[in-house]
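Letters A, B, C and D mark the chains in the order given here, with residues in each chain numbered from 1 onward.
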Amino acid sequence: MLLSVADYEAAATERLPEPSLAFIMGGAGEQRTLDANIAAYDAIRLLPRVLVDVTVRGSETTVLGQRVSFPILIAPTAMHRIAHPDGELASARAAGSTGTIMILSLGSSLPVEDVMAAANGQVWFQAYVGRDRGLTTEVIGRAEASGCSALVVTVDAPVVGGRMAERRHGFEVLPEWFASGHTPMYGLTAPGASGASATELWDASLSWGDLIWLRSRTRMPIVLKGLLRADDAARAVAEGVEGIVVSNHGGRQLDSAVPTMHALPAVVDAVGGQSAVLVDGGIRRGGDVFKALALGAEAVLVGRPVMWGLAVNGQMGVEHVLRLLADELDLTMALCGATGVAGITADLVAPP
Amino acid sequence: MLLSVADYEAAATERLPEPSLAFIMGGAGEQRTLDANIAAYDAIRLLPRVLVDVTVRGSETTVLGQRVSFPILIAPTAMHRIAHPDGELASARAAGSTGTIMILSLGSSLPVEDVMAAANGQVWFQAYVGRDRGLTTEVIGRAEASGCSALVVTVDAPVVGGRMAERRHGFEVLPEWFASGHTPMYGLTAPGASGASATELWDASLSWGDLIWLRSRTRMPIVLKGLLRADDAARAVAEGVEGIVVSNHGGRQLDSAVPTMHALPAVVDAVGGQSAVLVDGGIRRGGDVFKALALGAEAVLVGRPVMWGLAVNGQMGVEHVLRLLADELDLTMALCGATGVAGITADLVAPP
Amino acid sequence: MLLSVADYEAAATERLPEPSLAFIMGGAGEQRTLDANIAAYDAIRLLPRVLVDVTVRGSETTVLGQRVSFPILIAPTAMHRIAHPDGELASARAAGSTGTIMILSLGSSLPVEDVMAAANGQVWFQAYVGRDRGLTTEVIGRAEASGCSALVVTVDAPVVGGRMAERRHGFEVLPEWFASGHTPMYGLTAPGASGASATELWDASLSWGDLIWLRSRTRMPIVLKGLLRADDAARAVAEGVEGIVVSNHGGRQLDSAVPTMHALPAVVDAVGGQSAVLVDGGIRRGGDVFKALALGAEAVLVGRPVMWGLAVNGQMGVEHVLRLLADELDLTMALCGATGVAGITADLVAPP
Amino acid sequence: MLLSVADYEAAATERLPEPSLAFIMGGAGEQRTLDANIAAYDAIRLLPRVLVDVTVRGSETTVLGQRVSFPILIAPTAMHRIAHPDGELASARAAGSTGTIMILSLGSSLPVEDVMAAANGQVWFQAYVGRDRGLTTEVIGRAEASGCSALVVTVDAPVVGGRMAERRHGFEVLPEWFASGHTPMYGLTAPGASGASATELWDASLSWGDLIWLRSRTRMPIVLKGLLRADDAARAVAEGVEGIVVSNHGGRQLDSAVPTMHALPAVVDAVGGQSAVLVDGGIRRGGDVFKALALGAEAVLVGRPVMWGLAVNGQMGVEHVLRLLADELDLTMALCGATGVAGITADLVAPP
C-alpha cells in the first residue's frame, strides 16, 4: 500500500537499477548531512492547540507572489528521465495539476522548451552559473522566453561534492545508458562525445559581484539556493534578491554541513521578512512541512520524494506523493488548530 | 510468568490476531509520539528518601472528589470486545473490584446501559462531540441516566490521526468480523450497513464556545482530555472545567506531539490547583505512576495495558494488570519514603 | 585470558547455573539503574596531567581510620557459597591477603564466627535491622564479639525491590539446592523449614530515631549504606554516623534510582568532610575507582566482580579481581600524574 | 575502489594478520577514547560560506616555520615494517613526495640514518625519554646528525597504557616474527635476546624540570606531544617549547581520556599563539582536518591511516592516503568559501 512517502521510497528502491538509485538517493561523503537533515525533523516536537474550529481550512498560499495550493514545491533535481521515460514532462504536469510550482533543473533530461510546452502551471528555472557566461546567458534566456517565472541560482556548488555512491557507480561522467535517445539541453551529453562533467560546467569564481550581471540578464525574480549562514542571508537581502532557499543541496555537497532545520531560524531572523525564505532537505512527511513553516519558512522544496513518485508511477506517482504530503500537512494543521498557513506559528513547536 | 505489564503485552501479542493488534497497539504516523511517551518515563530518575517509617502506607486518594484505591484509572479505549468477548463488562467489573474508576469510551462495543448494569464502582463516560449534536445530547443523557459520574470530552480529535497500522489493516471503516453479533452503542456499525467512520462522527468545529452548550446538557463534572499546552490549560480553568487530562491520545493522533510527561509540568503550573490534572500515555509500570504524581498529576489513565489484561484473561486479567501497577506504585512509594500519595513530591525526581 | 573484570564476568557466566546468575547479576525491574550505574562511569572523561614524576606512587589510604592497600573494599553481598563452596571464607582471605577490607553480609552463607576465624584482615559487618530487634541485637553482638571493626547498616531496603530475574527463578524464597549442607547464620534457611523471606526479616519502620538504639547496641563505628540524597546525607552527619555509602543497592532495589555517580557530588558537598563517603554500584575497572575518588569518594565497594572472581577461582579469583582493579587504578594514577590518592582531584575530570 | 581512508582501512584489515592489526588498530582498555576521538569529529557541523571566489585556492602552510603542501603530517607510529617490508623508507618518501613532514618514531623498525638517507623532505624525530638518559642523548644526537629538523617528545607515556588487544596477542614483548631480518634502532629487539619492553625503556620520572636538560642536548626545536590540559599547555609555553601536539596517543594510553577535539579549544586559548598547536587522534577525512584547523590547530597528525596506506600499497599507498585527505580538505575549503588555511575560521563551525 502506498500510504506515505516512505512507501514510495521503498517501492522506488525495488524498481530502479543500482546506478540510478546511487544518483537519486546518494549524498556526499558518509551521508551524515543527508541523515541529519531527516533526523532534525524527527527531533522537533509539536505542542498542538485544541478546541479551535478547524472545519474550514486550507494550505493555499503564495510564494514570490505566485499562488500555490500548498507550500510544497518540486525541488530542482537533474535528469528525471533516470526515474521515468516521461521525465520532466511528467513532473511538470504533476506540479501543475496539483496546483504547485516545479523548479526545473538546469540538468533537465529534456529541453526547457519541451517542458514548458507540456507544463500546465508555474515553472521556475534553476541554473548553475557556468564558466562560459555566454552559455549561461543563453540558457537563462531560453528559460525566460519559454515562460519560466523565477530564476533559482544554486550557490552552494562552486565545485562538486564528494558523492561517493555516484563515484562508485561511475557517475562522474554521465553514463551512456542514460544519454542514448534524448537530447539534453545543456552540454550534459554522453561521455563519449563532449563528456563535460559538472565540475567543468560549474564556476568556482561565482561571487556576490556576479549578481549584478545576473540581474542584467533577466527580468525573472532571483532566488539564491544553498545558503545556510545568517550573514550570507543578510547579504542576499542587501543585494535585493527576491528569495532564499536554505539548503545544503540535500546533503550532496558538503558532508558535515549543518542540517537545514538547524540553520533556518537564524536565517529567518537575519532576513526579517524582506525576502522569501524557503527550505529543503529531509522533508518526508507533511508534518515536516508544518515544522519548517512554524520555524519561519514560507514554503519547502522536495526532491527525492518526487523522483520516487516518478519512478513508481510517472506523473500520477508525483501527483500522489505531492497529495500525500499536502494531506498530511492538512491533517497536522487540523490537529494543531491552524486553519491556514498563517496559523502555523512558532509557539506550536515545543521548546527543546 | 505474568509478573509485569510487559509480560501481559507479550502474552496479548501472541494471542490476538494481526488486525486487532494493529488497532490496540498502533499509533499515528511512525509512532514517534507513542515511543516518546514511554521513553520520557524511562529518562526520569528518582532520588529516594531513606529512613522513613513506611510500615503503614497506602495509595488511596480522590479524583474529582471520588475515592479510589490507587490513582490509576482505566483510560477510555474503544471496542473492548476486540480483546475479549466480555468486553467492557469485564473491564468495568475489574475497575470496581480493585477500587478504581473506569472511563467508558463512546466507542464502547456494548451499550452504556449494559455496562453500568454490570459495573460495581464509579464509571465515567468519554464522549466525542459529533457533528450531530442531537445524537451527542442523547448519548450524554443515556450515560448520565445510567449513572456515569463524570463526562470526559476528548478535545484532541477534530479529525482522525494518521493511524497507519489501522489503515493497512482496513480499519478506516470498522471490520465486519468485529461487528457481527453485537450492537454498538453509537453509530459505529458494520461497514456494509451505515459504514460511518470516525471522521464523519467527530466534529472539527468543536471549540471553546461549545463548552457552555455541553454544560447545559449535563450535571456531570466535565473533564477535557487531550490538552498539552499551558495556555489551553489556563483557558480550561477559566472556563470552569473540573478536570484536564494531559494527553496526546496515546500517540494515536498527532505523530510528533510532545510526550505527555514533557508537557505535564507546564500544565500543572498553569492550572495552579484550580482543576484536577490527570495524565495518560506510556505508563507501563507503577514507577511511571509515581513519576507522574511527583510531577504534579493527581492520577493517571492506562489504556493499552488494560486491553492486554483483557485479551489474556478477561476481567481477571484486567484486575491483575491494575494490581501489578498498584503494587509497583506501592513498592516505589516504600522505597522512596512516601507513605501516601501526598508524599510523592517533586524533590524525589532527580534533576536532569 | 583473564585480563580484566569483564573477562571474569564472561567466565563466571559460562560456569554458573542460571538461577545463581539470576541472583548474582540481576537487578530490580528492567535493570535501568543497574545499567545506568555502569554507563555513568563510561560518560566521565578524564583530563590527564603530564610531566609529573610518577616513579614512586601508591594507592594505600585509610578508610574509617583503617589502613588499606587500595581504596577498593568488598561490598556486602549475600550467599557467597552460591558462587563457590568456600564462600565467605575465600572472600575474607582474599581481602586480607591483598590488604583491603571485606564487608560481610548479614546474608552470609557461613556464620560470622567461622568467617572471622578464617579472616586475616579487617572485616566489617553489614546488617539489616529486622523486625525482631532482639535478633538484630544478637547478630550485631556476635559480629562485634567475633572482631568485626565497623557496622554497615543498609537503609535502602525497607522492603525488597522488584527483582524480576530472581522471581522468575523462584528466589523469593531461597532455593533448596542452596540450603543443603550449610548452616546459614540468620534465619535465611531453606524453604521447607522456616521459609522466612527477606521481606519478613527486614523492617519497614526503620527510621532516623532508630540510630540512637543502634548506637546503644555496639561500639563499632556505624556506616549507613544506601543514601542518595544530599539532605539525607546531611542528616546522617548530624546524627553522627562515621560513614556513608552512596548506593542504590547495585540497582537491586529501586529501578529508576539515580546512578550513584550522579548522586555522589551533592552528597560529598553536603557531608563537607565530616564523615567518610564511600560509593558502590557499576565499578568494573580501576579507572572507575579513580573517577569516584576524583568526585569525592574516599573509597569504593565492589560486589558483583568479587562474586565473579569467586565463581571462577575461589580465593585466588577474588584476589586477582582485586589486584586487576588496583593495578588499573595505579595505571590511571600514573597516566594522570597522581602519585597517591590525595592527588586524585576533581580537576582531572573533564567538564561535561 | 579506494576512494577514502575508510576504503584503505577495510583493505588493510583484509590484508594484515591478526596480531599486526591488534598492534595498529588497537587502543587502551575498551577503546572508548579511540572511538570518542572519531565521534568528536562526526559531531561537529559546518556552516559553509557561499558566493566566494574559490577558483584559486591552496592548503600550503608552514608548521614550525617549515613549508608543507598541506597541514597534514605523518604521526609518529612504531614499526612501519609491520605493515610493509619497506617500512619507514616508504612512509618518509611518501611524505616528501607529497610535500609534507614525517615524524619518525623512536620505535622505528629501521635506523634513523637509513630513513634520513631515503627521505626527500623534512623529517622530525619523536623520542621517549628513557631511564637511561645516556641512551636518549645518543639517540637524539643520531637523529639530529642525520638531519631531523624537530624533536617531538612524547609526554603522555610515563608507563604503558592498558592495550588489551596487544596483550591478548602477546605484544607486551615484541613478537619474534617481527624481529627477524631487521635491526631495530633502539633496544626494541626480539624477545629471546634483550627482551626489553617499552615499560622498561620509558621513564616515569620525566617532568617539567627535564626540559632544560633536553634543551641542552639538541638545537632542534622541541614539540611536546600528549598534552590535553590548558594549564599544562600554559606551562609548556612558559617553558619555551616551540610546539604542542594535543593528543591522547590515539587512544592507546588512558582509556577515558577526553577526545582531542574536546581538549583543543582550551589549549589553543591557553597558548594564545605563542607556540604551534597541532592535534592528532581520530582524523579520517579531509573534513576532519578542516574542523581541527577551524578550532585553532595549525596542523594535524595522522597515524593509523598512514599504516593502512602502507599495508595496502607501500609508498604509493601512503601517498594516496595523504592525497585523499588533502583533496578532501581542498574540497571542504572550496565548499566553505576558504581559499587558504588562513580562511578556515571558527565561525565556519556551527554552534552545538
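Remarks
Criterion: a residue touches a chain if its C-beta (ideal position, glycine included) is under 8 Å from a C-beta of that chain, and two chains touch if they have at least 3 such contacts.
Values in this document were obtained by computation on a predicted structure and should not be read as measured data.
Of all residue numbers that take part in the contact between subunit A and subunit D, under half occur on both sides, making this a different-residue interface.
Superposing the C-alpha atoms of subunit A onto those of subunit B requires a rotation of 90 degrees, given to the nearest 5. If you average the Cα atoms of subunit C and of subunit D, the two centres end up 43 Å apart. Centroid to centroid, with C-alpha atoms defining each point, subunit B and subunit D lie 60 Å apart. Listed for subunit A are no residues, as none touches two or more other chains. Two chains count as a pair here when they touch; such pairs are A-B, A-D, B-C, C-D. By the touch rule above, subunit A contacts subunit B in their complex via residues 1, 3-4, 6, 42, 44-55, 285, 287, 291, 328, 331-332, 334-336, 350.
Interface of subunit D with subunit C (complex): residues 29-30, 32, 36, 155-156, 158-159, 161-162, 164, 167-168, 204-208, 210, 224, 226-229, 231-232, 235, 248, 253-259, 262-263.
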